[in-house]
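Below you will find the structure I want to go over with you.
Note that the chains are named A, B and C in the order they appear, and that numbering of residues resets to 1 at the start of each chain.
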Amino acid sequence: MNGRQTAAQPGSDGSAYHLKTPSYNARLTEVGRGTPMGELLRRYWHPVGMAADATATPRIVKVLDEELILFRDGAGRAGLVYPRCCHRGTTLYYGKVEDRGIRCCYHGWLFDVEGRCLEQPCEPDGGRQRDRVRQPWYPVQEGYGLVFAYMGPPERRPVLPRYECLEVLEAGEFVEADDSSIGSGGIQVAPCNWLQHFENVVDPYHVPILHGSFSGAQFVEQMAAMPKVKFEYGPYGVKATSLRAQPDGRTFRRVTEAVLPTLRVVANPRVGRYGMVESIGWTLPIDDTHYRIYVAGRVRETGELAKMKSRYNGKTWAELTPGEHQKFPGDVEAQTGQGAITFHSEEHLVSSDQGVSMLRILFQKQLDAIAAGRDPVGVAFREEEAYVKLDAGQYLE
Amino acid sequence: MNGRQTAAQPGSDGSAYHLKTPSYNARLTEVGRGTPMGELLRRYWHPVGMAADATATPRIVKVLDEELILFRDGAGRAGLVYPRCCHRGTTLYYGKVEDRGIRCCYHGWLFDVEGRCLEQPCEPDGGRQRDRVRQPWYPVQEGYGLVFAYMGPPERRPVLPRYECLEVLEAGEFVEADDSSIGSGGIQVAPCNWLQHFENVVDPYHVPILHGSFSGAQFVEQMAAMPKVKFEYGPYGVKATSLRAQPDGRTFRRVTEAVLPTLRVVANPRVGRYGMVESIGWTLPIDDTHYRIYVAGRVRETGELAKMKSRYNGKTWAELTPGEHQKFPGDVEAQTGQGAITFHSEEHLVSSDQGVSMLRILFQKQLDAIAAGRDPVGVAFREEEAYVKLDAGQYLE
Amino acid sequence: MNGRQTAAQPGSDGSAYHLKTPSYNARLTEVGRGTPMGELLRRYWHPVGMAADATATPRIVKVLDEELILFRDGAGRAGLVYPRCCHRGTTLYYGKVEDRGIRCCYHGWLFDVEGRCLEQPCEPDGGRQRDRVRQPWYPVQEGYGLVFAYMGPPERRPVLPRYECLEVLEAGEFVEADDSSIGSGGIQVAPCNWLQHFENVVDPYHVPILHGSFSGAQFVEQMAAMPKVKFEYGPYGVKATSLRAQPDGRTFRRVTEAVLPTLRVVANPRVGRYGMVESIGWTLPIDDTHYRIYVAGRVRETGELAKMKSRYNGKTWAELTPGEHQKFPGDVEAQTGQGAITFHSEEHLVSSDQGVSMLRILFQKQLDAIAAGRDPVGVAFREEEAYVKLDAGQYLE
């Protein structure tokens, strides 16, 4: 025992016996309707599936702690409705999709993509009062190969943004979407809170440790060196600029952005090419303790996005044995290893956690804005304001 | 957007954003001891197993949210006892069944079918004070190939009813019992509240939709037409008379009854023959979120009851793939698809739900009767009053 | 019905309808930090693994409802630390064990076996303020092939006891450890409260019933006869002396001790030899509803301890089918068959349960002692007081 212990946490000799009951910051992490963060997230559009997921076969999706049914009617319109039929509550997962909408299996009520009841076949005249009911629904829009939904207050619905990095295409490029959670470290649905992942976007210091030392050079050698990092607020989020001196005297500059509410704007860690970031990832909170990532990016051939994925000792994440997961941990292990929702009460943030701190402060400000009746950052109500230019990318200078 | 929306639910444009927190009617659905419906159900006899389930090997049964041990002593008496031995709490599932009762494996206490302690072998003289303890038990009676239990207040124990449709046998007929939940749509233990199933009995309008249109003609063509239905209260429950005009000018009349507390009195939907209903199904609440059905019926050959079961696209329910369950939904899907306990707060009952409404009103009246110290309908304390004649059946007229 | 019923429980005719809501004695059973029994147990050392379990691969152990990481650094020191890194909460299960301690995978903080932070590689100069944090830890000591931990208040840490029966070795004997829960009846991690098992140690009357009659002579014929038992308090716990008259006129005397907090001091029930007890079993509460047993014993050949294990109808417990478990119940079935935590409110203790009653009273006294600021029995703070001699063994006299 020595003198250091007087200052150490949590007890006089640091014994775990003195641990306090841990807790997490619910305001920053919980996503249900009516929670502070849940309401903030609901002021933005979120991807709820690939465009190809909306078909004549109803599909269950879970988003922001709400289970919903995604489908596409015979006229090609995507629909996103509350699963329980407003008649007797049977799930529309068993519904039949028709030209005009989705029909419940139990008594045949037919609803259009905006929840209007078009038929009640067991009622006289197909339901004289069918206009008095409406199946709860959310508006959707398609773009970049994804279906986006707006789940917030109708009167606050913003324009679906467009992103320069997905709009300005070079010859031979096209935009591809992916639902395999590229950037998670390998898992499609990660069993932890979305914020644990999203904070990681502005935590470049972990890269040489977790992805350099622990798992071998998981990405490329270039990424394995400890960077010098500058953190800044941008108009949409937090920006981290990592500088690494190269053997040839040049500087490898990598700009990563965490854009509110959940966008990971991260250049390919395999450093395939230099220039503007090639993709955007949306960190979708499924519920308080699960997230997944939808990605859209500029590619030259189909399936190119998936090649960004991490490899561990030469294997994909799914190919690892339990023992190899322990031996070669990556982002999945580090983040789900913080628990379903990490206990913020036990954290000790230090100077290298500046990006994480800044992101939390930015979120707190938006929560305050909403509470005060204002709109959060990055929400636009006119098309011309909804075009987003970002600084993310990687450069050799 | 149009003018209809002002009247529509749940919000001004019907957005799911405005959904209220849903709730269910606990008074009508929950079955535990001490709950309103639990106490109502406990005024009647319920099947707890097939006669052949009561043997020298103790069997766990769960009924009305109580786990119990069913056995048959060496003298042929069926017994139904609380599982935890009144000595130290070890389950009698591991007990040894003997001539006089069941013996706990831990310290050997022996109990008869009425819970009396006959031996305490670790105590001097086999337990001088063994009469001071008693293993909790319930009375059982056997009939129609089933073991019935009475789990209510001892002083209110009614006579076990007899049913005309199971007593009046034609030449060559005998009564057969079945525990595969005929009438559920195919599952033996359904993971939803019993009332969701029981209400379905007086909901003939769903037949041409769910069983006609969605799954093809799941029963027979005759059943696929939309009926004209008349709902009435009878002395024991709710009666639905469905009339369907036949191509030859005759009328197909089908009378279905939901008899309190849980009896489905439904003629064979495959319409094997006309006349008085051939079977009774008891919708047994296992707990608040599971039910199963025991059936007894008049047959001419063993296994005939099981032939009533639904087929989907030519397959039994158990043979369907997940995709086929979605494509060919039946009663299991429609009812479990309402959730573990449906949210009554979200329902919109309409004129074709009259049978459901009447059944709920009838239950409410019985709950009120019990609260007022009266007996519910259909409970008889003299043999001659316990003979039940019903109207159910199907007729070509 | 007869006159006995007026005195019988729980209702006038013993109907299960009159059962009260059951409850358990939380004070005696719950083991979490801050609970009465949890705090009592934390005044003693408990085994948390085999010595061979502490290696360079971090291992999750659960003890007294706390999940911890066991490892052994490059210098051979065993360490037991709180799993969540004090930086950002990532589990040290994914940590890398080095010469000086364990390093978190996320940002590389390095901790020694006493939780001191030795490096913070993402911080300037490896963390100028790293002394301000400390990873929560517990002290461990090794002995008898086991790793023992002390999880109580640091200022109350007692000396790790030594036991005569494991110290006085005859020629050819050595001490072997075992983690397969010898004495449980066959399961390694039993899904019930530890006290259900520990009480069984001073319940010799169950032996001829459960282990004689139900499962055949599960141990040896000698054990199958009903004993005469004398119960006494000793300096460390409760002692049961079972006397069985032998056919040759001699007396088989068997002394079993339940030593606080959790030590089963039970001679081999297969009666391999007479004399002082050959092993000690620690009944380790994993959490409120799971326990396991670590054993250390004097043997002459490796693997000898495991031969003590019960057999059922010639099979090991793990080899039994579900039907055989029902037919040949043993300690696992009798004790887990009391439920996850038995309901003490429903018990009816009788004269043959004297050992159980005495053990509970002894525990209550220790709980009172702790509440009054005193130390419980069997806790020594000087080496010379930490040498424990017991009476347990079996003798032919």
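As a convention for this text, a contact is a pair of C-beta atoms (placed from the backbone, for glycine too) under 8 Å apart; a residue touches a chain by one contact, two chains touch by 3 or more.
Everything numeric in this text was worked out from a predicted model, so none of it was measured.
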Copies chain A and chain B touch via same or different residues, half shared test: different
Cα superposition angle of chain A on its copy chain C, in degrees to the nearest 5: 120
Whole-Å gap separating chain A and chain B, where each centre is the average of the chain's CA atoms: 46
Junction residues of chain A - those touching two or more other chains: none
Residue ranges of chain C in contact with chain A within the complex: 33, 42, 57-58, 66, 68, 81-82, 84, 86-91, 93-94, 96, 105-108, 114-116, 120-124, 127, 129, 131-139, 151-154
Contact set on chain C toward chain B in their complex: 4-5, 7-19, 22, 205-206, 209-210, 213-214, 226, 326, 329, 333-335, 337-339, 342-343, 346-353
